[in-house]
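The structure follows.
Chain lettering (A, B, C and D) follows the sequence in which the chains are written, and residue indices restart at 1 in each chain.
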Amino acid sequence: MSHNSFGHLFRVTTWGESHGPALGAVVDGCPPGIRFRQEDLQVFMDKRKPGQSRFVTQRREDDIVKVLSGVMPQEDGSMITTGTPVSLFIENTDQRSKDYGDIAKRYRPGHADYTYDLKYGIRDYRGGGRSSARETAARVAAGALARLAMPGITIRGALTQIGVHKINRDNWDWAQVEENPFFCPDAAMVPVFEDYLDGIRKGGSSVGAVIEVVAEGVPAGIGAPVYGKLDQDIASALMSINAVKGVEVGNGFQAAEITGEENADEMRIGPDGKPMFLSNHAGGILGGISTGEPIVARFAIKPTSSILTEKRSIDADGNEVDVRTKGRHDPCVGIRAVPVGEAMLACVILDHILRDRGQNGRTR
Amino acid sequence: MSHNSFGHLFRVTTWGESHGPALGAVVDGCPPGIRFRQEDLQVFMDKRKPGQSRFVTQRREDDIVKVLSGVMPQEDGSMITTGTPVSLFIENTDQRSKDYGDIAKRYRPGHADYTYDLKYGIRDYRGGGRSSARETAARVAAGALARLAMPGITIRGALTQIGVHKINRDNWDWAQVEENPFFCPDAAMVPVFEDYLDGIRKGGSSVGAVIEVVAEGVPAGIGAPVYGKLDQDIASALMSINAVKGVEVGNGFQAAEITGEENADEMRIGPDGKPMFLSNHAGGILGGISTGEPIVARFAIKPTSSILTEKRSIDADGNEVDVRTKGRHDPCVGIRAVPVGEAMLACVILDHILRDRGQNGRTR
Amino acid sequence: MSHNSFGHLFRVTTWGESHGPALGAVVDGCPPGIRFRQEDLQVFMDKRKPGQSRFVTQRREDDIVKVLSGVMPQEDGSMITTGTPVSLFIENTDQRSKDYGDIAKRYRPGHADYTYDLKYGIRDYRGGGRSSARETAARVAAGALARLAMPGITIRGALTQIGVHKINRDNWDWAQVEENPFFCPDAAMVPVFEDYLDGIRKGGSSVGAVIEVVAEGVPAGIGAPVYGKLDQDIASALMSINAVKGVEVGNGFQAAEITGEENADEMRIGPDGKPMFLSNHAGGILGGISTGEPIVARFAIKPTSSILTEKRSIDADGNEVDVRTKGRHDPCVGIRAVPVGEAMLACVILDHILRDRGQNGRTR
Amino acid sequence: MSHNSFGHLFRVTTWGESHGPALGAVVDGCPPGIRFRQEDLQVFMDKRKPGQSRFVTQRREDDIVKVLSGVMPQEDGSMITTGTPVSLFIENTDQRSKDYGDIAKRYRPGHADYTYDLKYGIRDYRGGGRSSARETAARVAAGALARLAMPGITIRGALTQIGVHKINRDNWDWAQVEENPFFCPDAAMVPVFEDYLDGIRKGGSSVGAVIEVVAEGVPAGIGAPVYGKLDQDIASALMSINAVKGVEVGNGFQAAEITGEENADEMRIGPDGKPMFLSNHAGGILGGISTGEPIVARFAIKPTSSILTEKRSIDADGNEVDVRTKGRHDPCVGIRAVPVGEAMLACVILDHILRDRGQNGRTR
C-alpha cells in the first residue's frame, strides 16, 4: 500500500505540510557505498526553490536539505550511504503568520480543500497543508540521491509549452535550459514566454504548461511486464505531481493519429556492431521494457488554481461564497515542476534497475 | 512489488501467454457476499472477444471464463463470493499450429520481442507470448467482478478517435456505443471510421485510436494523497494496457493551454441542498481525491505494430533482416481496448473505495 | 497487501478451496532460464500427498501439478522459465460427495469455521474450504520451483517431536528421514512414534508435533534490517502454515535461559582462510542477515482439531451443540507439514537472495 | 517491499542510527480525527527509556518524541490527526564521543557487525548503528499512536522469565507490572530477579528473557487467510525486534505436546446471549482470524551479546582477534523489550482492523 510512498526497491516515503515545522523524505533501499556531499543534493533543491524569478512564487524558503541517517560521515565532510534508510529533512522557514480564518472554511476552486474535507473530515488549511506543492521539495531531494546512484545516466527536463505557446523543437538546445527562468530549451521562445507570463502575472491570472523529461544512458532491459511496466510507473510517478492532468511517453497522443508504418522504429546494426534504432517514436520503451534509447516522457500541468478573479464556491457549512485567492502564488506552477519531473523520473529508473537486477541478476 | 499484479485491497494478478494452454487472473480481496452468475462476467468477455467484426483480429476464441475458487455455488446456479481469492480461468482454444521459426529469431519492429530477449535472455515468441494483447482477457474478467461489487457505479467507455478522425462531442450518445463495431458514441462518425479502416485493413496497415472511459456514481472522497492519488492509479492502470502511449484525466493536455479562470470548476449548492460543481474540467478528481463528479479519463493507443509492409530490423544473432508481419491482426487494436479500459477503471475505483473505507471507516 | 500472497521479488499467490474444482499458485518473479521437468516438481508434491501411510489422512489425491504458463516447452519435454508468471495448477479429484448439512452450520472447535463466518458472513464449509491444509499443496509446488532456482542450496526438514516424544539429537541422520513415514531423523524413535500414533489414531484422537527445517549453502549477507529481517520473514512464512502455533530460529526459546557467554558464536579464520563460526546458536542469522552458517528454524504444530470425541460448541444460529468430527483426518497433521515447512523456507530464501541482489548488486 | 517499514494500511517506516543526530518513524495511514497530546505518546517512550534502573543500560536519553506532521494543532495544545503521514522525531542526545577505532574493525560476537559488513560493504559502527536497539524508540512512538486509534483495546505486556527463572502464572497480577523494574506480574519473583540480575550485571554477563504481550478487546473477525494471518503478522512483528529468537501464540510450543482433546477451546452461549469460549488455548486466533478472546503472544529474547568476557572473533581484515565489549549495556535487554513488544502488537492489530474494514466494510 502506498498513500505516501513510491517505488519498491528504491522506496521513497514523504511527509510534511506546507506550514508545519518541517517536511522530508525517508529513502529506503538506497544502495550502499554512494559517496556524496550535501551540495550534491542542494544543487537540485536550488533549482526548485521558490523566489528565483518574478515568474514563480515569492515565498522565501532556503530549502536546505539535511541528511539525518543512512550515511557514514567521512573526515573530508562527505558521507557514504550505508544501505540503511536515508532520512532527508527540510525545515519550513517562511510560514508567514497570518489569519487563516478565511480559507479555513472556504473551498478554493481547483484546490483539494473540498476533497480533503470530504475524505478526512479535517484538513490542515494552512497554505494548502499536505496538498501544497511544497511537498515536492522532498521529491527533489530523493531524486538527487537517485541520480547519485546512477552516475552513467543523465536525466534532464525542459519546459516546452506555456499556455498556447509551444517551443519549436528544431531549436532544442539543452544548454539553453539553464539560461532562462523557464527551463526553456528554445532561446527564441524565451521573450515570448516572458511577455506572456508578465501579462498573466499582472492580471492575477495563471496558465498551464507542458514539461518534457528525458533520461539518457538507461540500460536496455529494465521495466517489467505486465503491471510493472516502465512507462506505467513513469506515468504513475508523473501523474502524482501536483496539478498534472496528462502524461505521455514517446509519440504519446500523437501515436493515435498515425499509421503503423509511420510509428515503427526500425533497427539496424550500428557502426559499432551493436543494435541501433533508426528512430525513437516509442520513447525508449517497448512492451514496458527499456530499449536502450532515451526515455522520453511529457506531462501537462494545469494552471495554478489560485487566481485573483473571484469564483463561485461553497464553504464547509454549506453556504454559497465567492472566493478570491490572495497570497504568493506561481503564475505558472509548471515552471517549478521541471526539476520535480526530473526527480520522479530518476527515482523510477533507479527502482527499475534494482528490480531488474534482483530478478535477472545482470550486474550493472 | 508488482510485476504481474495491480491494486492493493482489490488485487488482481494475471498469468498466461498467447499460445499456452490457458490464461487467467487471481483476484485477491474481492469483497464477500457478491451473488452473480457466470453470464455476468461473460457479457464483458464477449465485448472484448476477437472476431466480432472485420475491423478486429480474426483469431477465434470463445473466451469462456470459468470461476475456479472463491465462490460458494448456489442451488440456482449462481455463486456467492466468500472473500477468498477468486481464480478466473480462460482456456486458449485457437493457438493455430504453425512454424514459428521465422519470428522466433526476428525482432518485429514495435513489438516487445527485442526487449524481452534483452531482459530475460529467453522469450515465448509464439503469438507474442506474455506481451500479447490476449492477456487483457484476464483484465476484463477481473473488471467484471469489480463492477459487480459496486452496483451503484456505472463504468462505460467509448472510442473517440481513429487516426486523425475525431468524433464530434456534441453528438455524444452512449446508446450509440453498443450499435456499431467501434464503440463509437457519435453515429455520424461511424461510416467515416468504416471507410477509413477498410482502407487501412486492405492495405495491411494499422492506425491508432483514443478511448475515453467514464465512471459515474463514484463517491466523493476516495483516492489518497500523495502517492496513492486516484488519477495517478488510473494513469498507471491505463498505461499498463498494451500499446497505450498517453493518458489524461479531465481536461488533460488541454489544461496546459488555458488559464486558471477557464479551468476552474465553480461550485454552488444544488436544488437538492447538496454541493454541486458547475463544470468538470478536473475529470472528477481534485488533489488526487474524487469530487463526486464523473471520473473522466482518456488514453491513446498506438497503431498495431504488426503490418504487412516490410520494415528494417535485426535478428537475435545480430543480423540485419527485413520483417513483414503476417497473421491475424487488429487493424486498429484501439477498438478492443475499450472494454479493457473500462475494466481497468473499475478495478482501480473498487480498490480505492476499499482503501478509503479501511483508513476512514466510512461505510458505503 | 497480502491476503493470499507472500514474498516480494519471488512472489507466490495461492488460490483454491478443499472441495472446489482445483487449486493452484501463481509464482511471479521466478528468475528466467531455469530448465526443469514436471517430475522435478512432482517429487515434492508426492512427499506431501495424502494417503502415504496409515498415519496421515486417507483422502486420495494424485496432486499432479501442471505448469500452465511462464515456461517455454522444449523438444525433450523439459521447460525453461521465461521470467513471466508461472501458473501452477492442481486438480482436486477426491472431493467425496456427501451431505454437508451437518458442518455447514456447526462450528467445529479449533477450526476456522466460527472466525470465517464472523469475518466474511459466508463460508465454504465443504472440507474446510480455504482453511483446509489442502492449500499447502500449492505452497509445495511453488517451493519446488524456488529450489530449482537455487541449485547450490540444500533445504531439508525433519520431524523432531510428536506429543511428548522428542528425538535424541545425537542420533540425527538425514538419511533416515526418507526411510520412515514420519520424516524422523532418529531411527530409534521411529517405533516409538509408530506405537504412540497408532494409539492416537485408533482412539480417534490427535496430537501435535515439532518440525525443524534447515537450509545449507545460503550465502552470507541476505536478509535486511529492520523489517525485512530474514528470521522475521521465516517466522512469518512458517506461522502462515495451518495449525502452527510457535516458531523459533537457532537456539530459539532456549536462548532465554542462557547467558551471553553461552550464547555467543565465536569466530576464527578456517583452514581455507575464510571466516568460520565455531558454533551456530544464532541459527545462521545475526541482525536479520545470514551469516553463511546453516539457517535453522523450528515450528510447533498443534494437534489436528478434528477428533472423534464430542466437544461443546455452538452453531451459526446461536444454538449450543455438541460436535464430533468424522471424516478422513491426519492423527498428526505435523507429519505432512514437513515438506510444507521446507517449501516455505525455500521461497523465503530465494526472495531474499533476489532482494539482496537488487539492492546490493552482488551477483550470485 | 519492506526493508524498514511494516504494516499495510497503518504503515510504519523507521529511520535512524544509534549515534546519528536523530531517529524517527513516519506513520502512513493513521486514521484522521484522533485527538491527543504529546504526553500521550511520551508516557510510552518513558517506559522504554534507558537509565530507569540499575538493570538496564545507563545511557542517558530523554527520548522526547516530537510530532512534525500529520496533525492540526489545537488551541488547547492538543493535536488532531489529519490522515496525512505523521512524522515522529526523536533526537539522540547522548552519543558519547569516544574513539571507535576498536570496534570499527572488530566483529563483536552475536552482533550484526559481521553480517552488515558482508551485506553492505560498509557499516556505521558507532554504537551499533542501525542494528542498535535504539531503533525501537521509534517503534514505541508509533505504537503509542496506534493505541490512541483503538481506545477500546487494551494492550499490555509482562516479563515472565529471566534466564531459568520463570514466574508462577497463578500469581499473575497486572497491577504488579508497574511496580517493579522488570515489568514482572508476579510479585514473588521480583526479589529473585533482582538477586539473579545483580549477579549477572556485576559479572559483566547477560541473560535472556521471555515476554508475554496480551491484547484485550480486539474485535472478532480481524486477520486474513492465508498469508495475512493475524498470528503470522504478529510473529513477523515480534521477530523483527532486536534479539528475538522465538515467537509463539496461545499454547505455542506446548501445543506440540498435547492432544486434540486437551487443545480444544469449547464454546457455549454466554449469560449475555453471546458466543463464549470456555478456554483460550488458541491465544485468540483461529485460522488466522481473531476470535474475540484476548490475543496472547510470547517472545524469547537472547542474552545481550555485549559481555565483558573476552570472546574469539575476527576483524574486517581477516585477522583473528579477541573481543571484549565494554560500554553501557543492558544485562537483560529483554526488560526494555516489554514496551516494544506491546507497541508492535498494537501496530499489527490496528493495521488488521483497518484492512478488515476495507475488505468487509464492517464499521467499528
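Things to note:
FYI, a contact is a pair of C-beta atoms (placed from the backbone, for glycine too) under 8 Å apart; a residue touches a chain by one contact, two chains touch by 3 or more.
Worth saying up front: this structure is predicted, and the values here are computed from it rather than measured.
Judged by contacting C-beta pairs, the busier of the interfaces A-C and B-C is B-C. Looking for a copy of the A-D interface in B-C, C-D or B-D, one arrives at B-C, which has over half of the same contact pairs by residue number. Chain centres here are Cα averages; for chain A and chain C they lie 45 Å apart. Between the CA-based centres of chain A and chain B the separation comes to 27 Å, rounded to the whole angstrom.
Remark: chain B and chain C have CA centroids separated by 38 Å (rounded to whole angstrom). Each of residues 1, 3-5, 8-9, 14, 29, 32, 83-84, 119-121, 130, 225, 355, 359-360 in chain B touches at least two other chains. Partner chain D is touched in their complex by these residues of chain B: 1, 8-9, 29, 31-32, 83-84, 225, 354-355, 357-361, 363-364. Residues 1, 3-5, 8-9, 11, 13-17, 20-24, 26, 28-29, 32-33, 68-70, 72, 80-87, 119-124, 129-130 of chain C are the ones that touch chain B when the two sit in their complex. Partner chain B is touched in their complex by these residues of chain A: 1-6, 8, 14, 107, 109-112, 114-116, 118-121, 130-131, 135, 161-164, 200, 205-210, 220-229, 231-236, 238-240, 242, 245-269, 273, 275, 278, 282-283, 285-292, 300-307, 309, 311-314, 318-320, 334, 355-356, 359-360.
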